[in-house]
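The following pair of complexes shares a single chain, chain A, combined with chain B in the former and chain C in the latter.
Now for the complex of A and B:
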């Protein structure tokens, strides 16, 4: 029995050979990644800002640049269910949504991780309704953080393209087989165009093997049942298998970045980016496009001789505990900037701050941690805001600021 | 004041209200004596599924701490009394996620009492109840199993009769006076009080020896650890095969999951007349559980490890009286009917006639408006 994998490529399709540059948005970069990964089934349902990806995918298909099953579903729930099933029969899939659209698919999101299907999704981060708002917040994607989904945040369109390729490689690896969501900040990334190096098909083929479910493929020649009913006498073992897959993802992600760096000459450090962290006494931590004003501010402060650095969390799941413990081990104080909220949570902090506190708790000489909420709903976080945050973080380090509370930055009283 | 627990094993949907009434009755009665109690359900499959074996428990204690000790268990495993609301469940209980067959007396304490609703004699029941390995007592409340529906309750007094009998076999948990008083409070019905009192007066127990009972080893299997289980919630399809045993050359057995068997799920099974069978295949095609083995000579033999007793085969069979559903209580084993027929056709015909003629009522809930009224009229 050898079911034919649906990812088999058409050998007659002409192949370009070299990397080329294009001026494209983050959403368009994701669409290019879908084309280069030769995705078999894509489902769509419009919601801003994710819908830009579906436009670009549709454009590529109509132009003859890309061949895939492209299905516009009647809701996000169906959108995610369709690709879930397609993934089970051996198709490489892509899907995406934003804000409450992502939430409308929640049942499918939960079962996809439980079934160990390597769905790759783009979340165009958007504030959750109500009020209806289009700007970026991270609470949408973060909602799946405990379900087995891998989650990453990207800063640039280039990183979006490269990370999507990494996502397929890691998600489909037999050691992992977990879905992966790539978070792209609404507007700041989805609608911002930059020069992106688009790799050739040959380069991508050398990096990303075809999707092969092997003997777990739903196929008439391979009679299996998936998604059984199970009770307390089976369920805990099933959860433990998910736990082990989530643990193994770490090593597979490291391998993928090593290979990407070797073959593409870019990719950087897996899990986190360390920006001016050498000899830093104050470290700021954040995710996504927030990195841009933070980096501007860090450079300004460095020019003034202040020992400030920044750690950008690239992968939230698996959470980079080891890397963060290492990057922050020498600093006096850490300021975590959340573009999300955790109402009623410990210290009223955002999700990242609470995770980071837990990760650093076992560290020797753990630094003071000040937590901040900023940029909700896509509000601008300015370099001046970051300087203010840095000052407050320094105060927390010196015991001049209560570090058991969370400060909202840039909110009107 | 004494404490104790009662396990009530019942059939999902059809007896859920019955089981609830019994357990609530125990707690109300215990309260009359100043004790505290709790009634709770446990289920492996959905108790809102037709006929699925499920359980309710009633626990009676003197203190909250004592009560908590009972509740800290998934199911209390040293019960003073186990009540079986349907005697076909005496063959075992297999609701618990299908990890095998639990003998009806497994969670009964040594010297405890198994109380069964049945029209059968104690001697006949003991034959189908697994050996416990410890002495216990058996009592019956003479009645056919009381089956209701999801929304309707057949108030035939089975609930209060069991409560009355319980007071007789386990007076340390609740006295008959408390039971009668609680019934009066709850139902405000003197007839129900009288039914309980009569059941109390009529109840008698017979001792069952440690080694008495069915020698069948209950079906079980080892549960695998997470390192042994297939990842991705994948369950392999089972291979169908030609049966490779003497006398079965050319026979065909559908693929079946070796750990997913059905014994006490069913309350009835098909009894098949191979002399009138036309081999039309309809039973085999329509069986939702693929329970029919194909014999070497092309007959369809219902395999009792796979039959859940739904009756679809009887419904689709075009031959009159070829397939007849018969209550499980008529059978003591799960042997092949085709084998029996092949060995001695005359003997089989006698056996079949006896089974079918002895066919008891097999109501599974209510199927049409007015059925309840009809049944009450027929019974009175």
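Now for the complex of A and C:
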């Protein structure tokens, strides 16, 4: 796989007069977002499939389309630590990884959230080793779900670009100051091309203010001490501050989507996407590119008169409890499709299913929830699989299927 | 956004910090002050003080996990009058690299006032010679980044209860390498030759040195040279540690001198590819100073109290080899010739 180098400026379509369309992959879309966000420091380390974004970034820099410090680190740990420190000095940073690479950086991931540094990362979701599969699973990004990282999953290259801009705006907002990871399903999004509207610099500048660390900037003019040793006498207050920041993120994300919709004419609903959910009796729930076969199957079943809809979770942290309670009220049964696993967890479910169970527990007339694991390691989830899942979900709603277990779809016994 | 073609001057500009000729020329201003709780006789704290003085006010210090983090910066108090930030145990190289990258990008793009700022990352022997070695090596490859990695080597993981590190001397008693009735010597590793390894492995690095706080003006001038010469640099300091080495804190200075005088800790600098032995080590090489027996050094410290004569002889032989058999005495161990 060797992506073409970054698109050179086309004199017929001057960048600053309006957005233009390009046929690009999810990775290239994120690279465009980095360029448009005028990112200052980027670090790379190779691992498939996220690494394509860094190949595009390198092309943009070497072709003079993008000015930033670009460092190829000697490990993911260093990759994430380097941008962490650059962020403390006031630089806007971008970084990314996949699978076990993301785990190699785990220490840096934890401290970045603890330090409230607004790092933006792309996770090209990939199965964890061993065995060393290249395909998508969501367990890599999900592993940081309780540490203070904001996490979102995107479906298309367009959404990847737009969400990266939102991520910087929300992460750097003084009310939030938390890192944000944008998950792009490996291969299905990182390597698949689609027509993307690339916004102009003027549009992006009107949406995304510069990053200003203010009195938290590490600089000789501001000789502060960052991250001294704190023990039981202060740590709990600090954790509570992180908690408050994570709570405030919700409102800031809503503001960002409102502004994006106004200025870009797209962006949709923050947190979740509701697909054919009007009068739906059976709702499917999932994240990422899984949406494509699910939407195809939902349309097919709707054509047959079946009242089926789909809710795509766009933001996993902060978890859209209110939106999901609202979207799923009134449905008879919910089928959650996890592209991840939670070995030994409650009901042996994936992570999303158990989060959703918890979110819906306080709801009046809560629906039956059936839980499915599908598409691990990049295995294709077909429209037929989705029809099968829908039937089983209906059975759970009718009491014909045990809703306290998890069913693996499309797996050889 | 127009790409900026950098000139050599853009990335090689550093502060000019001339050497201080004698202790009376050293300014009184301190940038590592009160507010820490390091042990009595802690030579690493002394090194921090000297380093901060040598770098001056326009410096950013990054401190990886270790004594100089835990004992120096307790929340609600800090000894640092210059900006300081904690970094992870293995991240001194990455912290320096990221800090310099941000300064460069922001100054180049007009987001920050242009000026040379010293960036110094400090690490202990655990963080530097063990866990952080690969990140330090990577930092030293960024030849257009002005940064200094300062390794304060107290020869154990001293903040976590004195555990053996790759930089601990042969046989030293530590909580992870206790001498017992059956195994008298548990740490059979010989101390890692970190500074010379980094100098030899990164020939584009313009300055690598070893220092000891027993010679404070030399140590400060070494830091000043490292910050002035341009590009990434590395300074390795041997810091006697009363807690880890088990001696009365009043002997810290004396033990530093003994480490040099016995030949255990050679002082040298590699500047622009040229090796120079310093001070007493130079006199050893030139035959003007006879190395003291290692027994004088070992017997002063509780961590070697279990040594029998045989152990001391072994230690002495290893040190003799360093000075008599190595290609470059005390620095490069390869013996022999390419065309015998």
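In the analysis below, the second predicted complex is superposed on the first by the 398 of 413 C-alpha atoms of A that agree within 3 Å, B and C clash if a C-alpha of one lies under 4 Å from a C-alpha of the other, contacts with A are read in each partner's own complex, and residues count from 1 in each chain.
Please note the rule applied: a residue touches a chain if its C-beta (ideal position, glycine included) is under 8 Å from a C-beta of that chain, and two chains touch if they have at least 3 such contacts.
All figures in this text were calculated on a predicted structure; none of them were measured in a lab.
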Contacts of A:177 with chain B and chain C, given as first, second, both or neither: first
Partner chain in contact with A:77 - chain B first, chain C second, else both or neither: second
Which of chain B and chain C A:61 touches, first, second, both or neither: second
Partner chain in contact with A:33 - chain B first, chain C second, else both or neither: neither
First (chain B), second (chain C), both or neither touched by A:252: neither
Partner chain(s) touched by A:373 [first = chain B, second = chain C, both, neither]: neither
Chain B versus chain C as contact partner of A:228, first or second or both or neither: both
Touch count on chain A, higher of chain B and chain C: C
First (chain B), second (chain C), both or neither touched by A:165: neither
Chain B versus chain C as contact partner of A:277, first or second or both or neither: neither
Interface residues of chain A shared between complexes with chain B and chain C: 223-228, 230-231, 233-234
Residue ranges of chain C touching chain A (in the complex, touch as defined): 1-4, 57-60, 62, 69-70, 73-78, 80-88, 90-91, 93-99, 101-106, 108-109, 111-112, 117, 134-135, 137-138, 142
Of chain B, residues touching chain A in the complex: 44, 74, 96-97, 99, 223-226, 229, 231-237
Chain A residues touching chain C - in the complex, by the definition given at the top: 35, 38, 40-41, 43, 61, 64-69, 71, 73-75, 77-78, 81-91, 107-108, 111, 201, 210, 218-220, 222-231, 233-234
Contact set on chain A toward chain B in their complex: 114-117, 177, 216, 223-228, 230-234, 237-238, 240-241, 244-245
